[in-house]
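Chain naming follows the written order as A, B and C, and within any one chain the residues start at number 1.
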Amino acid sequence: MMASTLSAGQAAAFLFGGFFGLLFLRVPVAVALGLACLPPLLLEDRLWPMIMVQETFNGFNSFILIAVPFFLLAANLMNIGGITDRLVRFSRAIVGHMPGSLAQINVVLSIFFAGISGSSTADAASQSKIFIDAQRREGYDDSFSVAITAVSAVLAVIIPPSILMIVWGGVLTVSIGGLFLAGVLPGLLIGVAQMATVHVYAKARGYPTYTRATLKEFLASFIVSVPALMTPFIIIGGKIFGWFTATEAACIAVLYAGALSIFVYREMDLKGLKTAFMDTGKLSGITLFCVGTASAFGWLLAYYKIPEAMLSGVIAWDMGPVLTGFFIAAVFLIVGCFLDAIPAIIIVGTILQPMAEHAGLHPIHFAMISIMSLAFGLVTPPYGLCLMIACSVAGIRITDALKDTMIMLLPMFGILALLILWPDMALLLPRLIEPDFLK
Amino acid sequence: AQAPITLNGASQFNDEHVFNRCMTRFEELVKQYYGRPINFVMHKNSSLGLEKQFFEYMSAGRAVDYAIVSPAHMSTFSRAAPFIDAPFLFRDLAHWNTVLDQDLFKPVADEVARRARVELIGYAGGGIRNIFSSRPARNMAELRGLRVRVQGAPIWSRTFQAIGMAPQVIAYNEVYNAIQNNVIEAGENEAAGVEQMRFFEVGPNLLMTQHAITIRPLCFSSQTLARLPRELQEAIRRAGREAGVFGRQTESQEDEQKVAALEAAGRLRRIPFTERAQMNAAVLPVMAAYAREIDAEGIQTRINAITS
Amino acid sequence: MAPHSGVRGALRRFNQFYARFLEWLLVFSVASIIPPVALQIFARFTELLPRYIWTEEASRFLLVWTVMIGAMVAIREGTHFTVDFFPNLKGRQRAAADLLAGFFVVVFALVFVWWGWEFTDSAWYRISELAELPLWTIYIAWPVAGVTFLIFMAERIWDDLAVLTGAEEPRA
């Protein structure tokens, strides 16, 4: 009832100090986030640890988050039901003749996958299983394989559909349809940048190349992939025609992937189905459990108004749109290192919004800069979900994959800078296809 | 010297929103009536979550001391609470004002205080709820089958169903996008909500059904209140009542102004609704059954008996 | 790993059985999220399907249980994400480091048990808004998870202690 027991600075010291200290002691990330909340919750008169329980519940109790297990399940059904195999074959027919074939296929498959799934963790999990071992057998370095699998997975939240766009649109009242269209071009450009990176690596390290596919092979692999390649059109079309909401689209992805596996490609059996559900539950549990404790952590940051304190006065610097764009990107890149993207949007996105408005950034441009920066946060340690998943599948340490990951991020930062300098990268498609979305 | 007492408020909205201004008035009045130093910290823009969570924290006597909360969010504690804010209860603003002046909801407020340990110290609100829709509708026939998002309390979907609409449950923050994508055609809200969430961009037809006039209690945690000095408790109760009146006057005035301004700017169109009597007749049995179910028949009878 | 007799063996067998049970529960909970959401979508297009108000809430609550069960299984499997700053630890050093990290997981589990119980206790007479389900059926996931964390951690800690005291060789 009295004034806060802890000052914002003290609370920040407990929260960040506790989090990083516990991480250092090899405590799981989710547990470290939760335990870091404990000292303020115990010391502050007004608060008590049930808030941690309550806020983890509030974190999970969100209809939007249901998209996470759905997208994971869609990915698992694709793998088990033979969809992924067809897409790999088609990707191979397209880029198999380039140096570092398998890694190129890794990137191209992520582009296809991104059109179906809105969850990067789903991409990282399924492609780590497909590619890391296969690349190891073909003589690729583990750190390279992990890094390329992880960085290509971030495409899933930049190319529509995207769970981050669904959350952003909901929290900041921006058209999700507009965001979906805005993500296409930046996503494809990042994909191209990653393929160029692979090319340079493959040349320098002599990674293997497959023989070029014949036209017949190309066409054959294309035709069997058509039903799978239809998925993004069903999802985006469904949104444009108003059949389902963005969150419900994830459920449609599951039903469609399931139907393809069972009725078209016919590779699904009961045992596979059980494995798909169990793997989905396990990975959803691990990733969303982090979101829950990260929500509690974020709640405390908000309670002590720590982000506001850190950002107060910045609006008065009166930076122009470009500088503001870089500032926003920098904030989200830093935040993305220790906070999950979803709580980061809720806490930091709302604080940065007035600044973006003040600088005259278009809401969709602002959203794309933020989402891309947060997507990069999926591979930046210590809290980079995709990197953690890829490393755990490969059985290597995060520190081992760090150098290659950082090198691969450099050209991606280039695309981010280009996005800030050239708003039309995001705004062009929405303006051409659905001008209504830009109102 | 002892540090002054600090009270924490919470809001989902920004400073311009009428709820925040109402709570600011509450703070000023408390300071004025108490006459001793006291601090208020307002956590705005949903930084501590949503109204539902504010209410839970007030119930636990921690983290949040006061907030304006929609009665719908009290339903997990008291099934009767959403009755305060049920649709099709009031004929017009005058009727609504009289009901609040006579404190007819006191039995419900008492139940909330007993079950949730949160006191309703004042009643703000006063927004007239209409349907914003992507297509116009003037009468019962044209409302038929309208896919409209309703609040998450069963009475809303039951009454809207009884009128012949197709009520849908969609999270509040997905409404804008759901209308834009034609998953639903309409939602319903008061002017402040339509303006704040920019619903007029996707649903520019405002169907003047006037199916509800909002009541938004200013809530205060009973446990916090009990720990405060007696003079401060009195100051809070008095300030709450008066801040509620201020909030009501402000919102009911601005509600009309907001709609007029949006219409003048060409952003929405008022569509007169010609069959309000038929609409009320259609929901009558549903409302009666509902009042029976939650033991609020007495209140309902008294509300209906008021002639103003 | 050689089977153990006595309490430790019983604990290991119990945990094996319990984890298997949780895995099946997980399969069931993931599968059960699909029907309410699918119903919500398809009921929009046809009068044949009932338009229930509770689908949205039911799917959220099923998600909560899915996440909590998944988190429990992950404690037993040791798959919660960690940032391993000392991955080269071996033998007794590793056992000691695991014990230290395990201590904090135990503290975390106790928080879930104690305040999770208070959370559940606050909800005995409360019902959810749409489906009118008793809220304790959801909230109880926290104390259940806390107790489950403790049971699974006990097995890990026992193993680490055996390595630390030199009674056993570390697992591969």
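Definition applied: a contact is a pair of C-beta atoms (placed from the backbone, for glycine too) under 8 Å apart; a residue touches a chain by one contact, two chains touch by 3 or more.
Because the structure is a prediction, the values reported are computed rather than measured.
Q: By CA centroid distance, what chain is farthest from chain C?
A: Max centre-to-centre separation from chain C belongs to B.
Q: Decide which interface, A-C or A-B, involves more C-beta pairs in contact, and give its chain pair.
A: Counting C-beta pairs in contact, A-C comes out ahead.
Q: Roughly how far is chain B from chain C, centre to centre by C-alpha average, rounded to an integer in Å?
A: 38
Q: How many angstrom lie between the CA centroids of chain A and chain B, rounded to a whole number?
A: Each chain's C-alpha centroid was found; their separation is 37 Å.
Q: Find the geometric centre of each of chain A and chain C from their Cα atoms only, then give the gap between the two centres in Å, rounded to an integer.
A: Chain A and chain C have C-alpha centres separated by 24 Å.
Q: Quick check on chain B: which residues sit in contact with 2+ other chains?
A: Answer for chain B, listing residues that touch two or more other chains: 60, 170-171, 183.
Q: At least two partner chains per residue is the criterion; list those residues in chain A.
A: 48, 50, 54, 63, 243-244, 248
Q: Two or more other chains touching the same residue: where does that happen in chain C?
A: Touching at least two other chains: 40, 44, 56.
Q: Show me the residue ranges of chain A that touch chain B in the complex, using the header's touch definition.
A: 1-4, 46-48, 50-51, 54-55, 58, 63-64, 169-171, 173, 175-177, 239-248, 299, 302-303, 305, 346-347, 350, 436-437, 439
Q: Which positions of chain B touch chain C when the two form their complex?
A: That would be residues 59-60, 72-73, 75-77, 79, 115, 147, 152-154, 157, 166-171, 183 of chain B.
Q: In the complex formed with chain C, which residues of chain A make contact?
A: 22-32, 34-35, 38, 48-50, 52-54, 56-57, 60-63, 65-66, 69-70, 73, 243-244, 248, 251-252, 254-255, 274, 277-278, 280-286, 288-290, 292, 381-383, 385, 388, 392, 397-399
Q: For the complex, which residues does chain B have touching chain A?
A: Per the stated touch rule, the residues are 3-8, 39, 41, 43, 45-49, 53, 56-57, 60, 62-63, 65, 170-171, 173-174, 176-178, 180-183, 197-198, 201, 224, 227-228.
Q: Which residues of chain C touch chain A in the complex?
A: That would be residues 23, 26-27, 29-31, 33-34, 37-38, 40-41, 44-45, 56, 59-61, 63-64, 66-74, 77, 79-87, 97-98, 100-101, 104-105, 107-108, 111-112, 114-116, 118-119, 138-139, 142 of chain C.
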